[in-house]
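Have a look at these structures, which come just after this line.
Two complexes come next, and they have one chain in common, chain A, joined by chain B in the first and chain C in the second.
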Partner chain A sequence: MAVAFKAKLWNIGAEAQLYAGAIVAVLLGTGAVPSPFVLPVTAVFAMLAGALVLLGPALLKTRLGVDEVVTTLLFNFIMLLFVSYLLEGPMKDPMGMGWPKSEALLKEARLPRIAEGLRLHWGFVLAMIAAVVVYVIERRTSFGFEMRAVGSNFGAARFAGVPVNRVLIQTALLSGGLAALAGWSEVAGLKGHLSQDLSPGFGYTGIIVAMLALLNPLAVIGTAIFVAGIFVGSDAMSRAAGVPTYIADMLLASALLFMVLAILLTKMRVVRG
Partner chain B sequence: MSQANLRAGDTVLRLDNITKRFGALVANSGVTLDLKRGEVVALLGENGAGKTTLMNILFGHYQADEGRVEVFGQTLPPGNPRAALAAGVGMVHQHFTLADNLSVLDNITLGTESLWSRGKGRAVARARIAALSSEFGLAVDPDARVGSLSVGERQRIEILKALCREARILILDEPTAVLTPQETDALFDTLRKAIALGLSIIFISHKLHEVMAIADRCVVLRHGKVVGQVDTHATDRAALAALMVGSAVALPKAETRPAGPVLMRISKVSTRAKGTATGLSDLSLDLCAGQIVGLAGVSGNGQAALADLISGLLRPDQGRIEIDGAEPAAWSPRQAVNHQIARIPEDRHKTGTISDFNLTENAVLEAYSRPPFSRHGWMNWPAAQAFAKDVIAKYDVRCQGVLQRIRLLSGGNMQKLILGRVLEPGPKIILANQPVRGLDVGAIAYVQSRLIAARDAGAAVLLISEDLDEIQSLSDVIHVISEGRLSPGFARGSKTAAELGLWMAGQGFRAGDHAA
Partner chain C sequence: MSDILEILLSASFWAAVIRIAAPLVLATMGELICERAGVLNLGIEGIMVIGAFTGWLAVYQGMPLWGGVGVAMSAGMLFGLLHATLTVPFGLSQHVVGLGVTLLATSTSSFAYRLALPEVTSPPKIEPFQPLDLPILSDLPFLGEVFFTQTAFTWFAFGSAVLVALVLFRTPLGLAVRAAGENPSAVEAQGLSVTGLRMGAVIFGSGLMAMGGAFLTLSAFSSFFFEMVNGRGWICVALVVFGAWMPGKAVLGAILFAAFDALQIRLQQTPLGADLPYQVFLMAPYVLSILALILMSRRAEVPAALMTPYNKGER
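What follows is the complex of A and B.
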């Protein structure tokens, strides 16, 4: 998400890309691919699926000038209903006692835990690696330079000869791929199957994380852990002390608002009078 | 108020020993300035000399570290724009502060009307605008939407706005930077009426001939200090320029030269009008090696379309462009760069640079995708920094280093960096769109001499400018553009300013008549 925002491509549809990744993880991870390669293969195809989901809105934006905020946001609902259809129909687990969930992944298709007894799985490491890779792309490659140029000043980038449309589409593919990887890792690392409650709004939380990190991919790591801590902590608080879990949403919403306000105020000067 | 019974010659405004520091930088140092009733004082100085800082202190946007501001004998509380407004100081900024989607009337009353008696206030304001417009010769339609007005008209509204708020002292920050010669004349007429009615004016400008035309007295700032106060009738342009930069500056004058082979040919190109921008209509133009072609014309007559066409942003709807006798396969900004076209854009803040990027990143903005700046998709930042350092040294860009953000540079230094970026690769064709707009005398001389040097090295230069003096002192061949049509070319000096003026107004040459 931070990737797309860097190029001022407002990808609000990470939720949809995340589910796209999750669907692919389940489709390919339940016996379609021979076992030694199943993890890398499903990961790659999950990323492709996510990229494909964002390709549509990106093309609409570059070709017809359709606002990507609307298209990506609406894609979330399309994808959610599509998942619901899959879970009630073609992908429903025959042994699932009627619950709308998919077959479980094969053991080989799942990401191992980092240590026995922890819920922490290798997806966490993968996410950190992804953040570092994105950082390197932004700072060290000419594509990253193009991305930052398009995001900072579209007109100047276009004038200077940056192929702006190509950059926007490539950025969309990267962003969609990464969101789908998150969905894949959620299924392969934690849940083991696809269900409708796979993501309690991770795609939207991602927006907050990206903004709080000021779109810096390395800062995203720390911010994500912080935000996750608040969410998990709120669950624990609600179990232990009866505090409503909504407190987490409120905390983050106010954090985001204060952050935006702080950015605004540092750019302006308060004048008395 | 006491100001009503002041006589001509009484001091209305006094800046007393103003000093302002920003960290280590002393922006104003012991500046003292008097303004008398009915007087026009021109504030002259290079970019960064401290003119804007001084005016911001006067208007209460900044607080001075030392010194005080006295208006009509009363000391203004520091750092309070409202007090300055109430005391009768009105400011017209270089960049207008108008809301495009509101009417003229709304813009003028904005911020002054009370919430409750809106209807009544508007009627009063309407009458007042009508009275002031006729008194000062500022014709405007109070119900027109500001977005639909020309730059000159918008400036009139800014002035009206100040007058409506009972301003007795007008500060004009580079008011003519965006005006055509005719609009400038109209502005000066207005200002003369204002003086006759007892207003006083501080006029900030770079253009010395305008200062000579309108000001009674010139105050010259350099490095934050007043280095000279002279009566305009006792001085001349050369002396003022020398005061401003601290040494005599001669604007370069190019000798005309015979043209070399045609490097770029635009033949019978038409483009559609885009929004408010005029398109081109059946325009043909040859750019020859070793020649500067000057394009004169009133702003908004197709200059933008022609510049976009050459920069690669626009493709011809009809007609064709040829470079070295061949039509380029696909036309885009990248193609233009690859065809060795150096492009100096009109707006260096918005299209020339990315303000959040540092000098290095801006220096390689066009060439980043080629070796040595990047190989196989990986940026080579050391090479980019070396290039940026080279440009900074060769083109005399004053900055803190290659990692400084470009937004912190003055306009002149920004332009020098752009100049270095596009000229260093040794271009064949140069598009210079308003290359010296808003620059100070020193920077203007520098930019112009670089363009002449590039021409002498064999480049074909197209110079687009609204400044007739600039066109006439630099160009080998001059064309006039009007409503997207190009006049026949003629040698510099072969037409009088009056003839040029007629052509600029669209009379006197026939479309398609391109006998050069």
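What follows is the complex of A and C.
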């Protein structure tokens, strides 16, 4: 269910920011912060870390015009290797029996389950709230208006006096922070420790979710549940019928391509000559 | 320092540099053709995976090695056709479609691999391209080992780069392709089809990328495994920028990059490698690519119409 988190904004380095959030959750959640505040403190710092990770590529884009898609993609690989280093070096769990994973979080640093016996944790609720907050920011604040203006017509926005670069960077900070919050929730709510297989490509799935939801934060909730359903279903299919689970990825990739094509077709009008 | 010097002077190091550079050269040329025609192809990562997989599968099923290369190229061109159709006549976002193509091609490869070989734990091997043994030349000291013990596929990779450079800059077709990326209306005014040129460039370029992927399974390693492309596609996109969209400079960039890659592998075995965690060395290629992008950003001559869809009759 935690997939509901993963899709907030268009940015391809979400994988890296997700791990940044997860690292912070473990760093601070294993005894560094006194227990009553541990949940909010780790969450805030995780978001800061994620925002920081995306700040680099965002600055490169606005200052030097370096394509942010390629830099964020490359950052994903760097981050994964960094996590691998942490898990084999400074953050290795001494009781890990040789498995590369970190120490477990303290009990106070973990998100409680919504009800006994369910795997569903409060992270899911948090994700819903986050989606609504993002929706309100986008539709009801001047920052949100500027953000949409820059997105839909860069030149016109600049001409109208919108501080284009500042808006881009603020958007990036928000996006990085949310992706990191996903990593934090995955650690605090589900796994309880950091490991290298924390995210089986959630960062990439997030892109698909966001596009299928037509970049509408409220629609993201439904889309994410739908996409999560496909993944869970493919696992069941694999067990029952022996179909490889990769069929879920194929389905979603095709869905993405068909979706962008369909959006275009709806915009076409029959012209009578 | 003496370790580094010793490595740089060994023939086996330079032979490795050329071997590592070959797939990058093929894929970078593919991306360069696409971008010269005005289309950013982010499907490159997935197209390399499908090339690596189909080429390997074809040979595993008993086809000759060059047959495998052909199969890989066709598979790459098929996904190139998909990318071209969505981005050129339909004018969809090249970023989104590219990532979609990458995700589709990668998952298709994994899916087909599991279907073809459901019950294997270690990936089966094929007999890859063997190093050429040329009379006299291969026995030359140093040069012989560096240049004349490479496989035929390596020669093919560098040869195709020369061919791409010649066609792009010395033929009317090359001129038309470059013009489609700089000033498409001028191309249309000459009575040529921008759509046709761009689609052709993307399809052919994707074929080259897939052959770059096939190099990994058919010449470098001898089996297919997931994650084997491992970001090489994105690195090639960076190499095109680094080479300022010029084939010669891009090949030099690929060789420079391969040299760093070969160096970091060897440095891991020196005392320096014992001090630093090995992940630092593995990170180097990606950090290097980002640095290259930053360095070149100020004076890169981007094709003027890159990422701008062209609609006939529209201003």
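The definition used in the following text is that the second predicted complex is superposed on the first by the 257 of 273 C-alpha atoms of A that agree within 3 Å, B and C clash if a C-alpha of one lies under 4 Å from a C-alpha of the other, contacts with A are read in each partner's own complex, and residues count from 1 in each chain.
Heads up, the rule we're going with is that a contact is a pair of C-beta atoms (placed from the backbone, for glycine too) under 8 Å apart; a residue touches a chain by one contact, two chains touch by 3 or more.
On a predicted model such as this, the values are computed, not experimentally measured, just so you know.
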Side-by-side fit of chain B and chain C on chain A, or clash: clash
First (chain B), second (chain C), both or neither touched by A:215: neither
Partner chain in contact with A:158 - chain B first, chain C second, else both or neither: first
Comparing the two partners chain B and chain C, which touches a greater set of residues in chain A: C
First (chain B), second (chain C), both or neither touched by A:145: first
Touching partner for A:134 - first (chain B), second (chain C), both, neither: neither
Partner chain(s) touched by A:207 [first = chain B, second = chain C, both, neither]: second
Touching partner for A:54 - first (chain B), second (chain C), both, neither: neither
Selected from 96-104, 276-284, 456-464 or 492-500: the stretch of chain B that, after superposition, runs into chain C: 96-104
Of all residues in chain C, those that touch chain A in their complex: 42, 82, 86, 90-93, 95-97, 99-101, 103-104, 106-108, 110-111, 114-115, 118, 230-231, 234-235, 237-238, 241, 277, 279-280, 282-283, 286-287, 289-290, 293-294, 297-298
Chain A residues touching chain B - in the complex, by the definition given at the top: 139-146, 148-149, 152-153, 155-163, 271-273
Residues of chain A touching chain C in the complex: 12, 60, 64-67, 69-71, 73-75, 77-78, 81-82, 84-85, 88-89, 204, 207-208, 211, 242, 244, 246-247, 249-250, 252-254, 256-257, 260-261, 264
Of all residues in chain B, those that touch chain A in their complex: 61, 79-82, 311-313, 332-334, 336-337, 343, 345, 350-357, 361, 365-366, 368-369, 373-374, 377-379, 381
